[in-house]
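Let me begin by presenting the structure, written as structure tokens, before commenting on it.
Chain IDs A, B, C, D, E and F follow the sequence of writing; residue 1 opens each chain.
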Amino acid sequence: MRLLVINPNISTGVTALIEAEARRSAEPGTALTLRTAPFGVAYIETRFEALIGAYAAAQLAAEDHAGHDAVIVAAFGDPGVAALREVLPVPVIGLTESALSTALLLGRRVSVIAISQRIQAWYREVIRDLGQLDRLASIRALDQALGRIDRVGDAHADVLLALCERAVHEDGAEVLILAGAPLAGLSRQLEGRLPVPVVDGVSCAVRQAQSLVRQRPGPALAGGGAPPPLKPNAGLPDAMARLLADGAARTQAATRSGDRSDTSEQ
Amino acid sequence: MRLLVINPNISTGVTALIEAEARRSAEPGTALTLRTAPFGVAYIETRFEALIGAYAAAQLAAEDHAGHDAVIVAAFGDPGVAALREVLPVPVIGLTESALSTALLLGRRVSVIAISQRIQAWYREVIRDLGQLDRLASIRALDQALGRIDRVGDAHADVLLALCERAVHEDGAEVLILAGAPLAGLSRQLEGRLPVPVVDGVSCAVRQAQSLVRQRPGPALAGGGAPPPLKPNAGLPDAMARLLADGAARTQAATRSGDRSDTSEQ
Amino acid sequence: MRLLVINPNISTGVTALIEAEARRSAEPGTALTLRTAPFGVAYIETRFEALIGAYAAAQLAAEDHAGHDAVIVAAFGDPGVAALREVLPVPVIGLTESALSTALLLGRRVSVIAISQRIQAWYREVIRDLGQLDRLASIRALDQALGRIDRVGDAHADVLLALCERAVHEDGAEVLILAGAPLAGLSRQLEGRLPVPVVDGVSCAVRQAQSLVRQRPGPALAGGGAPPPLKPNAGLPDAMARLLADGAARTQAATRSGDRSDTSEQ
Amino acid sequence: MRLLVINPNISTGVTALIEAEARRSAEPGTALTLRTAPFGVAYIETRFEALIGAYAAAQLAAEDHAGHDAVIVAAFGDPGVAALREVLPVPVIGLTESALSTALLLGRRVSVIAISQRIQAWYREVIRDLGQLDRLASIRALDQALGRIDRVGDAHADVLLALCERAVHEDGAEVLILAGAPLAGLSRQLEGRLPVPVVDGVSCAVRQAQSLVRQRPGPALAGGGAPPPLKPNAGLPDAMARLLADGAARTQAATRSGDRSDTSEQ
Amino acid sequence: MRLLVINPNISTGVTALIEAEARRSAEPGTALTLRTAPFGVAYIETRFEALIGAYAAAQLAAEDHAGHDAVIVAAFGDPGVAALREVLPVPVIGLTESALSTALLLGRRVSVIAISQRIQAWYREVIRDLGQLDRLASIRALDQALGRIDRVGDAHADVLLALCERAVHEDGAEVLILAGAPLAGLSRQLEGRLPVPVVDGVSCAVRQAQSLVRQRPGPALAGGGAPPPLKPNAGLPDAMARLLADGAARTQAATRSGDRSDTSEQ
Amino acid sequence: MRLLVINPNISTGVTALIEAEARRSAEPGTALTLRTAPFGVAYIETRFEALIGAYAAAQLAAEDHAGHDAVIVAAFGDPGVAALREVLPVPVIGLTESALSTALLLGRRVSVIAISQRIQAWYREVIRDLGQLDRLASIRALDQALGRIDRVGDAHADVLLALCERAVHEDGAEVLILAGAPLAGLSRQLEGRLPVPVVDGVSCAVRQAQSLVRQRPGPALAGGGAPPPLKPNAGLPDAMARLLADGAARTQAATRSGDRSDTSEQ
């Protein structure tokens, strides 16, 4: 199985963290392609940075998805994921959706541990839009200068552990998510040190992606999740234009095939 | 890895369907233990039947979980799952939670295809209680005598396919769940015949269980998901009393250990 | 009028508290049958204990409901109530539903005063599943060893009163529920000492049950609340198997009678 | 026990229907005072008519509540009820809240049967504002000229019965509410003719009011449900000004008494 | 353009504040008619006071709306607004709806700054009924004697500013509403002193009203927002009876005209 | 006042429609700058097309916002609006938010009239994410080939009118939104032909934008709506990098100034 793992941000250090955790989590024999955004910011805390990351993820996915069985957008907040899901012929997974859906199999209410105060407003929105606000016990976040973004987990491990404990003892968390690609792998270090289950977004995403590939649920070729219908476009990167054309072609083929079978039923 | 798969109902025919799909879905080398409820009904359509199934599942899990890495309750509606999750030392998975969380990674709105009209009220409640009512496009169900419960999928395949198509074209489904253990395996037969992704509860549950085991998120030993605190009990089946005692002991050990570490920090 | 009042837990001391408050609350001339669970735990704090209590309540109701006009499951969290409501031919009432629906006639937002920290997660879920989470001002709970469960109200009356006051002055409660059978009767002792209305679950349940009996709303013989349709069962306690058979028979009789009346209209 | 029952509309014929059902529903020995609005409309279908009815109900309650143990506002939609609850020293009950809270003890999802198409938008809002929209199966309503408003139940009994049946068989209703004072008493005539429980608003309100009186939950003297704090007023009907003054005096007395007891604890 | 601005309370001092801010906010050339309630209270903190204000607003609107292009009810909580919207032939705007809908164009989560502790329960309900509870960051309110109600903004400006700052820094507010007519104009004084956008209800209402007038969206003459259907009424102030008659006449004319056009299409 | 109006799609014909309606709606003396996306699709029906439109809107806004008082993204679904709101120093308005907030001032429940079947899934999501799903009466849409996108309103006016009428008479709409830039101006042509208020997104957006500018609510310089904190970026278009730098500089200046004032209070 081949997975394309996209860091929608520009930090190659974070890409290395993602890759390390993805390799630890993947089934033996999985081929991983890692890509780092050629444009954007170091990490995402806000809606505007998510907009940039979404477009970068889309461009990378358009260019590089061929030959892969699934695509992972390795940032919390899932920039571009719902959009890419429409147009790519393979499953597309983001860290928030996969971490949250995994966490909610382990406990009723979840707390999210995050790397900055500012990030909380956006995380709350993302979780609300997924319909899970009332299962969110709290978001707790670092409140200090981060230093190198790919060292946050190491540099602040003690404070992060303390935030986890407060989430359990003060907020009612039954399970914890260590959120964001910069914390990839941290949950392994904390193993056995927390009294509730802890999940890591990258690990959840890799496993869910592999599970989806093996299940072969089939592509969306009709309805609100199918590729965008054909319409004029202009000025797009070649790969993105091709993605739109290919998607529309798949849908049309499916519709024609559907028509034929309808006809043959008469 | 060893999985305990519990059919909380009495139909050994349905257990055979569950086993077949579980074997097709499990990682190579997985050991499966299948158990059929020693008491109860043939299949669950109502809240009262779910109450019976929940207790049967709890009893089987108490007796047989030892030596397994995860427990699956193989009925839609997840009877007993949230309760068992507190008290067992390993992950516990039900078909609805796992099918729904998988489906929602594949599309925005889901329809559930069910085996009887009566079952719809209960399914709707279960999905509502999971917080996903507004992502439910519809529940569509058979409206005819079922015949043998372990042959429903075969006997009514054409009608079920037609229900799927109506869910896509009339209700806005972006993804479909074939619900209930009696339909286990049907999604494989429909592969390529539907224009949206389709998921099967047994397959989702097996894969999610294995993913959870591999992730080692750790047990709940504090907070609202930990084992029930120790208190007097009486008249319970031995295995269930032992389960309560073991759970309370784990929690107390964790608390003591927590106390010690607190102490050592002084 | 005859009421069956079931303590789904094993504490006969708590049954005595329930009985005392039920007698104070019942209309003159009401005959009360009290039953204590033959198996289970002393009191319910968790989902797993609620699963056990639900099955015990179902078994007692199946054995003893004959000759009664309504059944009360006298534990907060209403274990088994929704399930029994389907299958019994008389109204079935639980403490949470009745206390909450009474409280919400007295004020807009309610606080629940509970006997243990652990119980809060489960109570919150129960209230959420009843659709009233945004009318919950808070849950406040004792945080100390309880001692004898049937003496909690007496032993901790001052702390419970202080929790009530904090709910009013800090949390915005307009009305209070003293939750759980172990606190049955406490609200009478606090009368006149709190600045907002206070309700007691046992008293609410007895009154609502009697009101329902007098209203004669009729049984559910069709739709999602009717008895479970007939299907094979095995291994159940005799009383429970009889309950299923009787329920299915009632529904079929109603359907046949409906068919006849349809015919006669032609 | 003495109950004040207010028809917030001007139809004395409807008041007679309300009185008849209230007498059938009340405990033996209950004294009922019936009042008809001196100004307003014949019945309420819209928000504006509800505004008028709310003020009429408030005025009647202010004038006549003295000597009564509870007040019932006998119109669906509960005009003025939440407001009067703050300021009157006794329980205040409306038809919608009491019918809905009773119905939801009998089944999971409820349909409301109403007398006009136009009334549906307003009823839906009222039920939504009570937080129960997802337990509403449907509102079904007459779609024809009503004739005399106090004969609607008699004149259209067959159509109303047919609407009830469609609610059960097409909409998933597990319980029915015959909504609005003009249908008071109709549920008795339909007894045994419908396959699900049916409730009547007037009957529910009378019983809930009596239950609340007997429970003696105590008045609201602090928090968001207490009488309005004292402030200048002008131009109000004498009874309403007195109501405000009395309410503020009660609250202040309670606060002073609270202060004293605080002092005495030192 | 002519606007009728109604203070539903009796304080002429507050009317003066409203008028001053309305004049500052209105387009050049706007004619403003200000009216103060002839009966009621000084300001609204509770549901009962809102009931009185709603009726006063309705009476003033009935008497004086002729010749105006829109009506503003200048109190937070929007007493009478939804009702008047049905029956008046011009747009009707309240402070809460307009402030909230403006604020939510400026930021994701809003805090409301209010003049008294007691007012918070009612404000919360109003915002909840508008469906925006999860976008409410907090309500923060003065907790001291107010003094003259038309001087609250001046007398307590520093405390109000401090409440604003806490809403931003502790509650996550992205935008602030200074709530209630007594604070009309305060936001201008705070300009530049707060790190998030701040809106004033009177200003929002005047601007939204003018925007609606210019847009000419047309009146509601069918459906759930049309004037109440004709029915008997009695005892109403002349202006209110006329309002009902005029509304019903407009609807009937529209229906007849609709019928004719239907006919002419044949 | 100067407004920047961005068509996030490539159709200059649609830009002309937007411009015409914007000129009709703007205050006299308003200067409008219209921009058409240099890359993207003809119109947006799906999440992926919205992702592209969001990035195009962001790029145009970054390049051209200088010298403007507000920015309008003239497409339904508001691509990029929440993101741009963080980073631009002036108000940013989208068609959906402004049309919806205007419509909800005119009636309780709204129907959206749309140009294609496919568009409905996405529109529903957008409205849900704004928290207004339960005020959505329906989405009704054309179901035919559109022809030229800038002629949809003209070519299909009769069908669109019929959809409007069905929304009122079958779905309970109290107000209508003609959704999407391609229908800009159509509501003027339908004036007087529909029995409920109708609003146009472009007109609403222009008026709301002007209202916001005149209100001077102040920028967001702290909290979850402030510009993204400074962090490394790379590869961005110059204008977008400058936007990030400018935003961070504004926030830092505000923080320093805040610090100073804090200091001076000591």
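Keep in mind that, in the parts below, contacts are C-beta pairs under 8 Å (C-beta built on N, C-alpha and C of every residue); 3 or more make two chains touch, one makes a residue touch a chain.
Predicted, not measured: the structure shown is a model, and the values here were computed from it.
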item: Where subunit B and subunit E overlap in contact partners, by chain label; value: A, C, D, F
item: Where subunit A and subunit D overlap in contact partners, by chain label; value: B, C, E, F
item: Subunit F against subunit E, contact positions shared by both copies (same if over half, else different); value: same
item: Most distant chain from subunit B, judged by the mean position of its C-alpha atoms; value: E
item: Centre-to-centre distance between subunit B and subunit A (centres being mean Cα positions), rounded to whole Å; value: 25
item: Inter-centroid spacing, subunit E versus subunit C (mean Cα positions, whole Å); value: 43
item: Separation of subunit D from subunit E, taking each centre as the mean of its C-alpha atoms, in whole Å; value: 27
item: Sequence positions of subunit B contacting 2 or more other chains; value: 82, 85, 108-109, 120-121, 134, 172, 174, 223-226
item: Touching chain combinations (by label order); value: A-B, A-C, A-E, A-F, B-C, B-D, B-F, C-D, C-E, D-E, D-F, E-F
item: Residue ranges of subunit D in contact with subunit F within the complex; value: 120-121, 125, 128, 133
item: Touching residues (chain side subunit E, partner subunit A) in the complex; value: 108-109, 134, 172, 174
item: Subunit C contact footprint on subunit B (complex, rising order); value: 10-11, 37-43, 45-52, 54-55, 58, 80, 82-87, 116, 118, 120-122, 129, 149, 223-229, 231-236, 240, 244
item: Subunit E contact footprint on subunit F (complex, rising order); value: 25, 82, 85, 91, 93, 97-98, 101-102, 104-109, 131-132, 134-135, 168-169, 172-175, 187, 191-192, 194-200, 203-204, 207-208, 211-212, 214-226, 254, 258
